[in-house]
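Chains here go by letter, A, B and C, matching the order in which they are written, and residues are numbered from 1 within each.
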Amino acid sequence: MGYAAARGGLTAIRNAEDLVRTLRDMDESEQIELDQFIGRLRLLVDRIMGEAGMWEPRLTALAIRQAEGDHIESVHLLRAYKSTLPRIASTEPIHVDEMRLLRRVVPAFREPGGPQILGRSTDYSARMLDPRSGSGATASLEPEVATQIADNSSTVQTNTPRLMNVLRDMDLLTDRRRTDDPEPFDITRTPARPPAPRSARLSSMARAETGALLNQWYRNILGPDGYLHEVTLGEVRHGELPIRIKHPYTNGSVSIGSLRVTEVEAIEDLNGVDEDRDRFDIGYGLCLGHNERKAIAMANLDIACHRDGSKSSLEQSILLTTDGLDSAGFLEHLKLPHYVTFRSMMERKIAVRNARPTVQKGDKS
Amino acid sequence: MTMSAVYNGSNLDSIVGADPGIPFALLDEESKREIRRALLHAVCVPGYQVPFGSREMPVARGWGSGGLQITLAIVGKTDIVKVIDQGDDEGVNAVNLRRLVVTSTGIEESSEVVESTIIQSRHRIPEDEMINSHTLVLQVPVPEPLRGVERDMRELARMHAEADYSRMWVSLYEDKVRNGVITQTTGYPCLVNGRYVVATTPIPRWDIPRLHDSQFLTLFGAGREKRVYAIPPYTLVEPLTFEDVPFEVEQANGAQCRLCNSSESFLVESPGTNGDAGTWTCSDTAWCRARRTK
Amino acid sequence: MSNTFQLSSIDPVRLSNAFLDVHESQHVFTVLLNSLSNPGTIHTIDKTVWERTDGCAVPLLALLGHETPFCVLGEHSEELTAIVQHVTTGRPSTLKDARYVAIPHSVTSEEFVEISTGSDLRPDSAAQISVYCSGRFSTSSSSSIEGTSVRLSGPGVNGESELTFEHIDSVVLASLLNRKFAFPRGHDIWFCNSEGQVVAIPRSTTVTLISSSTEKVS
């Protein structure tokens, strides 16, 4: 007797929930506090915030803990919570040049204008499993010194010259700047469909599941689709941006906090037959938190979409197949009872068999 | 049956009860209004898939988030809700959806069509007669009926805009020629109001005639694909078929429900074990139960 | 379209009355949905809501959300527009861009032609219109009221039905009888009267004239 046919569906659900909750919360090991996620699993928290499309580290930590580390479930908890909240304001537009840089690399030039800050990155660390990691034994700096270096509080870096502007000054950049100022597309209010404005693509990718974007990028390099080749990265930045809103009474600009983003500019060497061969173009990626592979994939796919110009279904793939909740939810819905559908399918199989002798008898109609 | 008696101690009522910020029917007012505006367009253009800003729900995408959003957007204090899955009120997903609606609104629930005002369903239309005061909310996994013949969304939009369904007809014709019958199982494509072809969700062909010229309003919710559509009462709904190929519902070859003996309801099979013959039961458990207790 | 009304100059009673709570907006929505799903049938908005608010703007007060474009027609519509804007955070717009239009008095044919009928690709970009009618509505074929009678058929109508308006704006009536745009383009219209009754004719309904107060049609 399947679970659908059993009486007492509510009892079954409650039992399952009780089991999950009890085993999770009453495990023998020590309970993980929320600040431990933020302090010691920061990259996980950042990734989940980006996919949820919501900056709130403590709630995110709560979601990860409640979801027992399942990243799709964590994102789901956060987004569903967001559905109960009213939207009370929009921020003022923030220019990314206001970013307080924690990290900046420019692969395109050995000496770009402004500093290259390796920052807090494992890019050049040896990937060797270290049983001492996590204990104080591997910390080689005083904590205060490390924090100061990481925060760059001694040399606050904002308004660092951008490689894009350098290229533009050298007249090496195609000019895709708009003269109008359209409202950005809000994917949480309107579903994005191809052909979509660039803001719709960028925001869809900003909230996309990291692995999905990575896969989209890689299959377009090495897979049968072959839309794009690799770019050269112009800027890879991680830093802090201020959040400002308009005060409801005074109408002045008020700072209400800050958040961290990862930002990437990817330089595309235009080599298409109808493209401007003596110039470059730029792809752009920006996501919440410190998530470089996502922002790099974003920037690549942004320029790929633009160059594709709606010729292929690349834009549709990006807009419609990279959301983690949509894809995982639909996949897992296969676990739901489907016995009505199945019964109908079996009936058609029999109908096809019954129809066959008529065809085999050489009916020419 | 009142809400508190059934859901006391359930995980949900303590979460909802503990947070006074959670609005009536879960969704904030903006969200509800957006869904409502989409529904109002849907009933004016029967069968047209209206895009809407689908919100994330406590149930996953693909598990009824669209149907749930419709129910939560339309529900009022005095509504009574019935929720079924495959025709069964007690299916765990139906129970989960129903408790979400009930704990966030305080309204009453019922397993009887005659007592209900809103019936949310996955994959079945209840066997009981529904009248003008009923609203049927169907959960839709794939709202696009032309998905099998076209993948590109821009082309799909054009086909619906221009009522160009020729490729659909060709595919049905080829199906018939290749297989001797039209092999479409559930979710049979239908022409609504002589204008739009719709995906009738995976309801069995058995239920398709109930949509035509009905007394009740049917609302279709696809949360993952972010669209709603509607079939108003008294609307022409024609399964796509050919003049010489009549539309066929599922045949049961005289099978009867082993519990109530019905052969006039949609039956589902439980396969036999150890060489025994399979048995059949009504998919609509409430209908079957009522028949047995009469 | 300039709105010269500041928050401070809106009549505070009118303003506070215009806020519909979650249950009131749900109730009004149900009336609007049922009337569009069953064209030509009469539904009633609760007296406690109707008497408190500004006539045919009630659908807008119940439906509009943040930045939903709307337009209230008429010479003295600025205060009502400001009220609707403040209460719903909808955006006052030109007739052409409005998704919801309220016609409290009358409309000229030049104005009516501006109201969006949507497109074949996006029929949901059409405007939905709320029209105030002085006088009563009647659906019985032996109606006791004199006025303009129309025959309705199509989705939501059981066979054919009759609807009589004691008074109906001539431009709106003309648009129903002579549709210049092929379905799925068109307008969806709610008619409201002073008793809080609502009757709707969506673009999917076929409308023919039976008789009007100015001329009889055989």
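Some notes on this structure:
Here is the rule we use: contacts are C-beta pairs under 8 Å (C-beta built on N, C-alpha and C of every residue); 3 or more make two chains touch, one makes a residue touch a chain.
These numbers come from a predicted model, not from an experiment.
If you take chain A and chain C together, the chains in touch with both are B. For chain A, the chain whose average C-alpha position is most distant is C. Located most centrally within the structure is B, per distance between chain CA means and the overall CA mean. Rounded to whole angstrom, the centroid-to-centroid distance between chain A and chain C, based on C-alpha atoms, equals 43 Å. For the pair chain A and chain B, the distance between mean C-alpha positions equals 33 Å.
The multi-chain contact residues of chain A, meaning those touching 2 or more other chains, are 87. With touch defined as above, residues shared between interfaces to two or more other chains in chain B number as follows: 23, 29-30, 34, 51, 157.
For chain C, the set of residues that touch two or more other chains comprises 66. Residues 3-10, 12-14, 17, 21, 76, 79-80, 82-87, 186, 188-191, 193-195, 310, 313, 316, 320, 325-326, 328-333, 336-341, 343-348, 350-352, 355-356, 358-359 of chain A are the ones touching chain B in the complex.
Residues 22-23, 25-27, 29-30, 32-33, 36-38, 62-66, 68, 99, 119-121, 123-124, 126, 128, 154-159, 183-184, 186, 188, 202-204 of chain C touch chain B in their complex. Considering their complex, residues 6-7, 9-11, 21-23, 26-31, 34, 51-58, 60-63, 65, 85-96, 99, 122-124, 141, 151-154, 157, 179-181, 183-186, 202-205, 224-227, 248, 250-251, 266-269, 283 of chain B touch chain A.
Contacts from chain B toward chain C in the complex involve residues 23-24, 29-30, 32-34, 36-46, 48, 50-51, 74-77, 132, 157-158, 161-162, 193, 195, 217, 230-236.
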